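A, B, C and D are the chain letters, set down in written order, and residue numbers restart from 1 in every chain.
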Amino acid sequence: MADYNVMEMMITAAARNLEDGASVGVGTGAPCAAAMLAQKTHAPNLVVLFEAGGVSPQLPTMPISVGDSRTTYKALMASGMCEIMETCQRGMVDYCFLGGAQIDKFGNLNSTVIGDWAHPKVRFPGSGGANDFASFCWKIMVITPQDARRFVEKVDFITSPGYLGGPGSREAAGLAAGTGPFKVITDLAVMGFDEETKQMRVESLHHGVTFDQVQENTSFQLLKAPEIAETLPPTAEELRILREEVDPHKYIIGR
Amino acid sequence: MYKIIAEGTGPLFMDPDPDAARAFFRTKPRALAPKVMKVSQAVERFVHDGEYLAIGGFGANRIPTAICHEILRQNKKNLAFAGHTSTHDFQILAAGEAFDRCDIAYIIGLEARGLSAHARRYMESGKVESCEWTNYAMACRLKAAAMGVSFVPARNVLGTDTFIRSAAKIVECPFTGKQFVLFPALWPDVSAIHVHESDIYGNCRLKGISIADLELARASKHLIITCERLVHNDEIRSDPSATVIPYFLVDAVCEVPFGSYPGNMPYEYYSDEVHLREWLNVEKDEEQFREFLDKYIYSVKDFTQYLELCGGIQRINELRAQEHLIEVE
Amino acid sequence: MADYNVMEMMITAAARNLEDGASVGVGTGAPCAAAMLAQKTHAPNLVVLFEAGGVSPQLPTMPISVGDSRTTYKALMASGMCEIMETCQRGMVDYCFLGGAQIDKFGNLNSTVIGDWAHPKVRFPGSGGANDFASFCWKIMVITPQDARRFVEKVDFITSPGYLGGPGSREAAGLAAGTGPFKVITDLAVMGFDEETKQMRVESLHHGVTFDQVQENTSFQLLKAPEIAETLPPTAEELRILREEVDPHKYIIGR
Amino acid sequence: MYKIIAEGTGPLFMDPDPDAARAFFRTKPRALAPKVMKVSQAVERFVHDGEYLAIGGFGANRIPTAICHEILRQNKKNLAFAGHTSTHDFQILAAGEAFDRCDIAYIIGLEARGLSAHARRYMESGKVESCEWTNYAMACRLKAAAMGVSFVPARNVLGTDTFIRSAAKIVECPFTGKQFVLFPALWPDVSAIHVHESDIYGNCRLKGISIADLELARASKHLIITCERLVHNDEIRSDPSATVIPYFLVDAVCEVPFGSYPGNMPYEYYSDEVHLREWLNVEKDEEQFREFLDKYIYSVKDFTQYLELCGGIQRINELRAQEHLIEVE
């Protein structure tokens, strides 16, 4: 087995969930690396969109901003924010990647405040385009480190919608039918969501990780998929592409 | 506080439900695949009897004439049509009695050139169910669809019969208490737009006014592009700011040089006023008009043959000179 | 006095109502000629907009269509229909020019049908952009020949709003405050609207025309302005510009 | 059938009444007049204490840095601010504590670079009244204003605390019975946008992504343009399709080469990550930060002097090479 770090594992696991011919709204960092890796392996026709306007660039390096000029390098279109978000709202975008300071068992995400909103303990940037992507794209993916302060029973503030209060909640709130969280990829495991309860469940464990370890780093009760596999580790070829082509300066994978 | 104040009585030919549209767009292919085909193939594959059709351009400017002709040759029927700033395209489709439902903003007329006798007869015949709108109202309907929502508010049509014969609704704004009309989203089944340049995937550029074509491209479930010329994908990627329609909206790309003839194509060729005048004149006599249509459309193989009938390269060169304001001896 | 025809009179009268630095949405024909004449005389800074997208062209010849390439010749911007109509809806456009098959005493215009809408005697093109301009621009101007079948007590169909049913009607219907018909310029006279009743009134008569003549060609009772002047005829200079620069091929003024 | 389902509890800093906006726009000059002035003049004339300010660009990309600096130098206070994809511009304005009300979509952070310690302190201080939105929500608010209506519908924020802390409203769609959020129009008192090219009247061109700047330009009551370079009006008229902001929206034109520095200007120069890192580092210590601000902003005469302090032409040349992916020895 090749030698790799957790970031490489997370990026690889994310990349494998992006099928060829799908479309994805990405941000900077790991999501962008995952999309690039997917394009250079099994999904050459993956369509990459950046919220500020970039469509299908041939990314020469990792962008620092989702609106910097790398996001339109040899792109098919340099458009605007409404163009991208409305493409999502029309139902043309399959995946998005999100993060947050807190996530709960329904995949609701908080990137606004810790503590009371009016008198926050910690103020974060807010939604940005996260709520938009989470509302409009078909499937939400989250890449995040797993720890008990982040995986909480109830987020202090729902910035971006997961399954809200559970089954039927998104539809009842008026969100587009058939959308919602899809995968949560951490340094320990890949989690999906139980179809019945819409609650987070462990689907595969990274090499050497036990379910109990994942549960220890989670403040709510995790469900288990009918079968819990071992997450397939990155192949030598995936690692080569990731290290040589996707992120040669190790901005992301070097951390 | 927040209530429906009035509702238009006109028919809504298409469902304004964004979830229904999303269910379709979820399945629309996103991969960068070549889509070049003949006009006849594009119409065969993407224009079906009974569907809702929209045509890009404004009046006789930057219109996909070849698609309109081919719809007649393939004898498409019972279409619903977006009569949005529609002049020569409307005239052609009315000649073939291709539609039996029409959203009306501007029809029958050819602006300063006068009215189409046949199109008027057809619209007065009782064969066409219709609904009244305005140019901006139709643009708003396409904009709502392009945005992925079921309506867009505006401040026109209020107080008029145009509203009463529309399918719009007037509501009270929950922020200001003022009245706004809401225009329902329109997702056409299929549209055709003529542009200056496209690559084989459907990444398009155009010059001059865009009219409502950018909204139309995004609203349409299927989209046929005709272009003056194909350009290489490298050319598109060399200036992504110039792309106005991304390939994933497009289903067919047909290279049709002089494709807006007899209409005007900005920066390329001016409209052929002689030929358009002939259309208007010959329409006055139904028998003559049938012969005219047979000569210029039904007996014609393709758009190139039509151009030859109309004077070929020499005529095109004259119109190119006119476009560029060059006096040719 | 210079020799001139009624079309030249109408265009000149219209042009004089366009002050320097104002903005106007124009169509083909006489309105376009009026705007061009105004620019070449007292209003060099008149901003001309065409509904299909053209902004401030240096018109080389009369356009045949409000969307043809003349409307963007050396223009400041070639935009789209929403751009123009929303510039109007925001309140940035002072004047528009409209026509129609029928007009009533409140300036309501019909360009849709004669007879019953469902079973029309005559079908016309419909609103086009007329209702939009009439709803959004501050002041509506109409250039039209005056005859009793056109100037009717009640239009068969209100395509574009004038003062609707009279004072306060536009506001009650939700149209923007402070908008409405301004001038109606015919081959006989220039009419405005009474501030109190919002009904059409004769403000000036063209040379040699009497009020009774105008009334005979109108099916509703015309009001009179406190003073009815004689419309100032075109000056020699206006005629020269109109004939040599604005419409040398006499497309409009030759009729 | 048609009702208000829920209302956000956040404050609305600006009136969404389109008639109030129209009354202003009625008086806005339309004549083609030269508007070139210094940055200091533009800020003096068009940015006033207590008004609502918005800044174009996205993050640190294509931002009018010179205007932000000048707002600090002129000690503008009590502004309301559109925190829409706002990173380095937000950081500068927070450094000057120029605003006390904020519509929040994205603030405090500098994307992948990390968070601004001072901006966070300021936002946690209780000195700023705020309202939550999203990037698209703010774009919708500007779009509604640009359209001249009081709201635009969308399908985001539903079900979330972001909605509860916004000033949006959720209604039932009268066409589909589905729930939509309505975002109220936002007409900023004044905005500043950095573009590639403008003529002396304010006809503007830009390359690369437009973000929400085209909506912002149309929504703003007053608009300050900074540009990389002035171009002749003949150049604008030679390609009217390239104009994205027409002059009649613009009140001031300031030529500020490298004006997005230390941010990225597409096709011109890349962001100065070293300088941006210095900002983030120095903010951790309030005393050090005061000295830093004094050195780089308060003691500085104009933007040119700031550029000199940051390494002048040599540094700019390095960033130009970076933008074009050229390895310089």
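Here is the rule we go by: a residue touches a chain if its C-beta (ideal position, glycine included) is under 8 Å from a C-beta of that chain, and two chains touch if they have at least 3 such contacts.
Predicted model, so just to flag it, every value in this text is computed and none were measured.
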Under the touch criterion given at the top, what is the topological distance in steps from chain A to chain C?
-> 2
Taking mean CA positions as centres, which chain lies farthest from chain D?
-> C
Cα-centroid distance, chain C relative to chain D, in whole angstrom = 40
Centroid distance [mean C-alpha coordinates] between chain D and chain A, Å | 28
Taking each chain's centre as its mean C-alpha position, how far apart are chain B and chain D in Å?
-> 37
Quick one: which residues in chain C touch 2 or more of the other chains?
-> 54, 72, 78-79, 82, 89, 136, 176
So chain D residues touching two or more other chains come to 18-19, 147-149, 154-155, 178, 180, 207-208, 240-241
With chains as vertices joined when they touch, what's the shape: line, ring, star, complete or other?
-> other
Of all residues in chain A, those that touch chain B in their complex = 20-23, 45, 47, 54-58, 72, 74-79, 82, 86-92, 94, 136, 138, 176-178
What residues of chain C sit close enough to touch chain B in their complex?
-> 27-29, 51-54, 60-61, 64-69, 71-72, 78-82, 85, 89, 108, 112, 117, 119-120, 122-132, 135-136, 157-161, 164, 169-170, 172-176
Complex contact set, residues of chain D against chain A = 57-61, 83, 85, 87, 104-109, 111-113, 115, 120, 123-124, 126, 132-137, 139-140, 143, 154-162, 165, 170, 178-181, 207-215, 264-267, 270-271, 273, 323, 325
Touch list for chain D against partner chain B, complex | 1-4, 7, 12, 16-19, 147-155, 169, 171, 173-176, 178, 180, 182, 184, 206-208, 240-241
Given the complex, residues on chain B that touch chain A span 18-19, 21-26, 28-33, 145-149, 203, 218, 236-238, 240-241, 243, 246-248
